[in-house]
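Chain naming follows the written order as A, B, C and D, and within any one chain the residues start at number 1.
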Amino acid sequence: MINVTVWNENVHEKNNPKVAEVYPQGIHGALASGLADDSFEIRTATMDQPEHGLTQEVLDSTDVLIWWGHKAHGDVSDAIVDRVQKRVLEGMGLVVLHSGHFSKIFKKLMGTSCDLRWREDGEKERLWVVDPAHPIAQGVGHFIELEHEEMYGEHFDIPAPDELVFVSWFEGGEVFRSGCTFHRGQGRIFYFRPGHETYPTYYNKDVLKVISNGVKWAAPVNTTRPVYGKSEPLEIMKGSQP
Amino acid sequence: MINVTVWNENVHEKNNPKVAEVYPQGIHGALASGLADDSFEIRTATMDQPEHGLTQEVLDSTDVLIWWGHKAHGDVSDAIVDRVQKRVLEGMGLVVLHSGHFSKIFKKLMGTSCDLRWREDGEKERLWVVDPAHPIAQGVGHFIELEHEEMYGEHFDIPAPDELVFVSWFEGGEVFRSGCTFHRGQGRIFYFRPGHETYPTYYNKDVLKVISNGVKWAAPVNTTRPVYGKSEPLEIMKGSQP
Amino acid sequence: MINVTVWNENVHEKNNPKVAEVYPQGIHGALASGLADDSFEIRTATMDQPEHGLTQEVLDSTDVLIWWGHKAHGDVSDAIVDRVQKRVLEGMGLVVLHSGHFSKIFKKLMGTSCDLRWREDGEKERLWVVDPAHPIAQGVGHFIELEHEEMYGEHFDIPAPDELVFVSWFEGGEVFRSGCTFHRGQGRIFYFRPGHETYPTYYNKDVLKVISNGVKWAAPVNTTRPVYGKSEPLEIMKGSQP
Amino acid sequence: MINVTVWNENVHEKNNPKVAEVYPQGIHGALASGLADDSFEIRTATMDQPEHGLTQEVLDSTDVLIWWGHKAHGDVSDAIVDRVQKRVLEGMGLVVLHSGHFSKIFKKLMGTSCDLRWREDGEKERLWVVDPAHPIAQGVGHFIELEHEEMYGEHFDIPAPDELVFVSWFEGGEVFRSGCTFHRGQGRIFYFRPGHETYPTYYNKDVLKVISNGVKWAAPVNTTRPVYGKSEPLEIMKGSQP
């Protein structure tokens, strides 16, 4: 059983009737329903909760955290971002969606601006599988087609991903590295592009399948926690006393 | 259930009493016993069998192939090597052990000489985990220590691995990239260094744990088989008729 | 001064008047002229020459080999492919263009099928820079636009490139990893997609700039040749006599 | 001509007579002398200068910044760290040496703890070349041997490097990824391990050669600065007016 926490800033849903119409239970609610699976225990957390719903206790019992934010990145507390980063380095999986590219936590883990080109014209996106050996590509076809999405275009200012799983084609002429994996400490991170708040992307079964695959891929593998700091030699050294 | 085929050239065991003493059931037998697990269905195949035991039928029903060879690489039929390569590109996992670095199949999949330095002095090896986020490192400590092993040293002439999981330290002064992963087509390959025929390495529980992890990691994920060749456009083009 | 050899199978130019019209001096001739630069000493070689123009002497005095082939991949001698591979592993740079993806030498160095989707409809291609830190992207803008090109689409069956520099967008709806680098042995390889024989792509100044950058990037760096095989220990070992 | 700024916190040299004896002109002075080369214009900067010697003007006229720090990482101003990060993302090269692994700037660019094991016993280190195709390995042999160095051991908590050039062997039994490259934005970063303040490592000609190679490799390549933010479509879209 994988303990999943879906985090959403939950601002658009309250301020924009169009978004509320598309996601009446909030993006977090749509994701929680859409990802429901025998192997997941899912709960949600939102920014307006105490400690943004991400108390130490919640994080300690989270295997994989899904992150959706957009409008209110700056309102997320630095202390909580540090707490999330620490948990990722300790092995908690992190799935960052769409506009989460500009969240404090993603930028902090990447070390770059995470900037990109964008356009909100509701154009067609087609995500091509470029690594058919990757478990995150399981269960989808050669590509995923989304009739209406926000465009994100290159250059996407991230470190070269450890693995590149999807590349997007956009009607307006751009491409984008849409499905990217990263190892950081003992943790694994999956960035997946689709999911603008004004489109029903998180009801698309291929999109949900990929997020579900991403959660399974990012789930902790319980490797031994590294030990850092001063270390005694493991071998007898010339200058040392046995 | 993962269908595992352990392939061994099985030559040393027949010609060298010292090896026969260490591996009375052959290296393939020791691996088959040592890897026995509720999630594996294991069989063995050896070079002296018809088609080296790797008929199309066997390969088609193999999820992960483990390869051990050393003395007789040149005697493996090119046609069977091609057959194995094709299956790897179609998604069969491949775990290449120790002297398998110089097998036809590994060299063919790497595109390089796969050469290295070596020394058979029974020295100490210590394999350090350098990627504690990797599932292949699960269940072992900060390092694995082997009291007596053949030395393999850098430069190891392989493409940069997709992921580097272990790096070895040798008593005689060398290092080696000991645990390396590669995606090729729909298939996944894990190279793991330890396992010289004159040492009881394949009875070591950490070594077996890593090989077992490698098998699970390399098991096919059933992504959609890519389609190649001439393709109709997915969009209406300026010069085309709708 | 970098010694560049431009190799071309030179078959289309002789058999297809349309190609001869676009490339009256052959694709090799167009490349040799277009790449002319104070830092390059350029010669050409074609398949119909003795040893395909790639004698040991020619290869030994070549710093970077550019490869264009398409129709006659199968007619290239295996012995010469082995010779080229050996030189690449020894440090000779290799720039593989367009349909060279299916050449024996590229497939041999990659270890995969190197297959892809294609369509010859003369559609628009736009190559986006996805690694603006890479010297191969120097001197071009955010993207390169080619009004008419053959389409190559994903999945492109290559190992994950060491560095991904360009990704193509095609009018018909596909994407492609168009500019890819690989280290193999002491040698460096750059694959660059554009250049179909019926389009004047090799007169495009951005395309020439990228190929020129690729040649400079792939030029040998004269690192120490690795030594392989049996090696004496560098340290005194417990079991050894000092 | 490459404009190089050597930055040193310059604390040990003032407080520890042993360090002052090894580096009477400071580590920055030793590096500036040792790297002197017709292709470098070298200046130094130290923490005790106004703005740590890293004014906007200095950074704007720096092609490659070399960073050595250890005892006083916490005293480096966050504003100046942000300024350096911005310049790296804009294309300035960065060479981080030894204990600089724990500097604010390196941790910020990596997104991880950058922690490691260490021991100050003056033991032997041997750095093996694992990528003989890399220009940073030019001019050194199969390995570099340092009779006395501080030990740094795995796990080194960094993202998987884009390229791994050196791996260290230590007398006490550890290994370390000692020469690592990273692309971040338009900038290139080289981390190189050796250089403890109490050993004369920065007079070693192989070490100086590698740092010099690293500077040349990291020098800006003047690619086009990416444009981010809202972008007009490059193609006519179905829903749009031509």
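As a convention for this text, a residue touches a chain if its C-beta (ideal position, glycine included) is under 8 Å from a C-beta of that chain, and two chains touch if they have at least 3 such contacts.
In this text, all values refer to a predicted model and were calculated from it rather than measured experimentally.
Minimum number of contact steps separating subunit B from subunit D: 1.
Remark: among chain pairs C-D and A-C, C-D carries the greater number of C-beta contacts.
Chain centres were defined as the mean of their Cα atoms; on that basis the chain farthest from subunit B turns out to be D.
On superposing C-alpha atoms, the copy subunit B sits rotated by 180° relative to subunit C, to the nearest 5.
Per-chain CA centroids place subunit A at a distance of 30 Å from subunit D.
Subunit C and subunit D have CA centres that are 32 Å apart. Rounded to a whole number, the gap between the C-alpha centres of subunit A and subunit C is 36 angstrom. Multi-chain contact residues of subunit C, defined as those touching 2 or more other chains: 126, 129, 131-132, 142, 153, 155, 160, 162-163, 171, 173-174, 183-185, 226-227, 234-235.
Residue ranges of subunit C in contact with subunit D, taken from their complex: 91, 126, 129, 131-135, 137-142, 162-163, 171, 183-188, 221-227, 234-235. Interface of subunit A with subunit C (complex): residues 126, 128-132, 142, 153-156, 160, 163-164, 167-170, 173-175, 177.
Subunit B meets subunit C in the complex at residues 85, 89, 108-113, 115-119, 121-124, 151, 153, 155, 157, 159-160, 162, 171-174, 182-185, 226-235, 237-240.
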